[in-house]
């Protein structure tokens, strides 16, 4: 245990020469998302790729073929004890809390891929540990950081469509053909995929007071990594959410959806309607219809290169700027409460209450970020 | 009471010279929809406009301004006792059953605007009465008659997207600014609007075994016809439906929605996805994604002039062709059971079971109907 | 010759009890479009269907099957000498001028399907004749009458996108499988189809000073009405139009296009962009992007039931209201000049100048027409 | 002059350990596009960033702020004489040929940003020089390399829509607020922007035999880099292209277009229609309508992360694999001939012939590339 050398200090002058060393534990699909983030940070001099732990040595040749300079290790301890200032945890969900705690114990700031924990209880425990260590802990999904989401949030929260009474969202894919834990680990599509929608809807509409959910298994058996799973976990969840405000949301999450063409997030209010197009993890546009205007106002994505791994950029930037990252662990814990309530409801056939709540940070989008982007293959701050 | 002169006889030779006289009871918004249907049937020599009952004489000047030749009466008995062969009931929902029964008692075939009855019990009673009189009874919504819906149904039912595990649908408007019964009559948005989605989803996915629903009131107070309603009925309903097949559907219906941009009906199956665009009461296109093709196949509406009042055309045509209209009263009753279950659930906070079931008629679309339509302002059979 | 009993008199009090009798000469595809208009006017007490001349008696059974009450005649003189106040000319283009003149000579007001004449010279002659007789002459296309087009026009003309420098438009279909004159009559796709785009673009951007065009024949041979046409007329025309303002437009018209997905009309200006979606003969929406707003503002069609045969409604309404119909024969003649110039250019390989010009009527859309339409199967004035 | 050490040798075994050093000359907007390509190649061990020449030292601080490790030089000779194996030329167009020749003379393989030369003559000279030196020369635009474009090309070229008779394309932006040469250098929007459309359309439809074009100046004066240009170059060009096959294309290019919503490339054939959506420099989807299917078949982008700077990846990969890059300099020269003909035509008012032609490489897309992409934020070969 290395101690607390990275302890968050009082906010101070940005340290623009600081290069943050980033280690990674985990070598599944999400690894490549965070490496994508690193590959954008490194040329800017913001971050440097540290050691990467891939326990399973059979995966090393493939990783090295794609990244010959990768510094691979097979023991997480080697990353924990490295010089890295930030650790990214992209292992299967049931190890998130243990590894994140170990990272914090080693004085690292931590980015955890979703979900923060497999239960709200263990996640709360982790959050408290991070706070006690005065270290940053960031949990995916990072919808707060998407400028397009924030622009939508700004419009909705300032009342442009009146009081929101209904939300709708759906996200699905086919699950994993490689990782058995997707389909046997008890996590389920709401915690794996729907967590995006739940985080977005609660950011937009506010906290939840009760959830009713139903689930079923559509693809049975499943083939994962050449193995046949006769009785996979449920791969379809529908949840009906009652917000504390009285508003209602309908959410569908599934590991049995090939593809979709739907509005990602729909919000209906007493004075209009607002939509997010694309996905909340990859927004393409948002649109607002206000009764006073009587027309749809469509805004293309403010930064189409925004990536769902953006929490890493945020943490690195926050460290360089000596500020707290834009996040709310209270909100993340509430999201886990909602997901657990849905799971309990699906098993009991009864609606389940949620009692936690949270304060949201101000996600208002500074107007200067919302300028028109011509070349949507480059982020606004990479254009001249 | 005129007896049973219109009794359905054995199917025989089509009577192409027969002009069906159509009377109407009711003078609200839906009247104009059925007059639209009549105005298309009349020039073809299929039907003739009979007497129209508008009880409220204050409405007569407006009706006569728009249709100077209308033969208005203020007593329903005058329509019931007219020579009309078919009666259309477009009065407020709580009078549907009584008037439809009276029409049947007078030997008329009947088209009833949605809902068939305010409770499944009274609707069942009405259906039995029609059957005992050997007269046709058609209940809106008429999704079966939409060629675009039928093309989608044909694709889904033949297994093009595998087993359907999930459906989604939403329909909403602002309710009525004229008719107080919309907002105080206990009918609610699911019976008024969502009934379309429920009929479509059950036609596509099959019967329902349980419903959970939640509701709230978004617009309070409401102004209707210059009057302030302090405590209007709930105007937002979300329902989570479990089908007998195990599939799940999420449905939202609301009288507090200004407008929307969403996929009307989404179906997710084990081999692909299918969508209906526009509305099920006014389809613009359907699209199918099959895993074997890996691309969206998009079909524009087969007949963009198809109108939601099409039950009247169907009944008139069926009478001329001496065949039964394309309908399933069993299905209509099941739809009412689902709506009642949703209402019970919203009040109790418990999921409510549905036990009825139904046989669907074959809605397979004859390929000849599906030909390409260039001028979408004219129905395919009006093009040369 | 019956004299001039329908002469346009000084504007006076609307005659709301007047029922205008409408005769029709011609029995091709366009007949059904104008009957659609009549079937909407008749129930309102605005117009009454008169005699219809179908020269070819072989077509009578089909017409009577579809409209058993039609009063068919085979000699145009019977329509000319009927009591009809308005005549609609929907014969092949090379007879338009002769028949329209005969109708005017009989004191009828006249609606002529596109094109007004096969040459600008004969069309000018016709226009002068109508003016000398003080009778109304309306020429398709009727883009002025489309509320959605007028809303777009209002925005563009008041400068919302700055000075327009570029227009683009395309319209095409497969020509006719029934009427040989489409493909051997020398009319061509620009006069048959592109005339819509040319009228729209000149209404939006202003008069033309020169045209360059090229044409080719894509479908060779063609089968029309069971007959093989070895060398049909060119069925593809591209035209590059220079407006008097300096703006440029690119227009494509073709009888060899199966279908399309494109923006119907695009306008690029110094301060933004404006588009018409759908077709100018059937608009679905318009959208405007202004530099000051930085977002697309999308307006769904103001009246999706608007029909391209609307000139008949306009003439009937104008007669009842004792006003001039909303039209500009000068503009129609200019459109024909542009089409002739394109034809000359395609043959010579040289750009050809156009010298005529026109005053546009004020097409500003009264805001009251632009209210939100929920049920897009009914025109705004048919909704309660 | 370093000689010819990089001479293209006979194709041999791929050299998977080879890391290609890449130097860059030029520091305008396009620099960042190629750095984006480099930042994706470097972590894979394919390439390494060499020296970058930014002549104007005033730009250095900004570049170093964004890329602190950049090795900047101000004299192109330092890049020419560096160890780099590949040089990228992203200077203003009038220096492309001179610098590319110098690079070839130093034995470098070269990627040149569009246009290859300001005249076809100087570009031909450059191509011959590269061939004489047995070195690779790649010219932007790189539409051949876009998998989505290639999938469309494969469909069109194998006859899925019959014989193509018409193409349409438009591309525009607001020009440059920083580089005066955009608006005073005589290059114009067709050579700067429309070159993409011309390359795409000629790849899809075949070589051009004549061009008619017209141009105008919409934005006058212009402000560029704080300077007022009273008489900027024309910023709007419309071109009507006749292909050797007889097909016609209409192309619009402009530096006075704020934004657009249009189908990027439309192709109309005797058996159907095909479209490219998005932009040919950033395709979002392609869609095909065949008469045999009667429905649109819509394919989302095969690799939404594909970037217009992809020629650099292609050259690096080709060198590692000891093969020729996928390109046709003959085609690039023909494209310049078309652009020059358009310019001559715009000045003379006469159509101008083009006599050159070219052989296209086979762009058929291997089916294995076209697999379904779920996470469109990552390229297919970066997904597990």
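Miscellaneous remarks
Should a chain be cited, it is by its letter among A, B, C and D, assigned in written order, with residues numbered from 1 in that chain.
Basically, a residue touches a chain if its C-beta (ideal position, glycine included) is under 8 Å from a C-beta of that chain, and two chains touch if they have at least 3 such contacts.
Everything numeric here is computed off the predicted structure, so don't read it as measured data.
Judged by contacting C-beta pairs, the busier of the interfaces A-B and A-D is A-B. Over half of the residue numbers found at the subunit A and subunit C interface occur in both copies, marking it as a same-residue contact.
Ranked by distance of CA centroids from subunit C, the top chain is A.
Centre-to-centre spacing of subunit A and subunit C amounts to 55 Å, using the average Cα coordinate of each chain. With centres set at the average Cα position, the gap from subunit A to subunit B is 42 Å. With each centre defined as the average position of its C-alpha atoms, the distance from subunit A to subunit D rounds to 36 Å. Shared contact sites, meaning residues of subunit D that touch two or more other chains, fall at 258-259, 287, 296, 372.
Contact residues of subunit B toward subunit D in the complex are 287, 293-299, 370-372. Of all residues in subunit D, those touching subunit C in their complex are 163, 165-166, 168, 170, 172, 212-216, 218-219, 236, 238-240, 242, 246-252, 254, 256-263, 266, 268, 270-273, 275, 287, 289, 291, 296, 349-351.
Chain contact summary for the complex, subunit D toward subunit A: residues 28-29, 32-33, 35-36, 39-40, 42-45, 66-69, 173-174, 178, 258-259, 282, 307-308, 372, 374, 376-378, 382-384.
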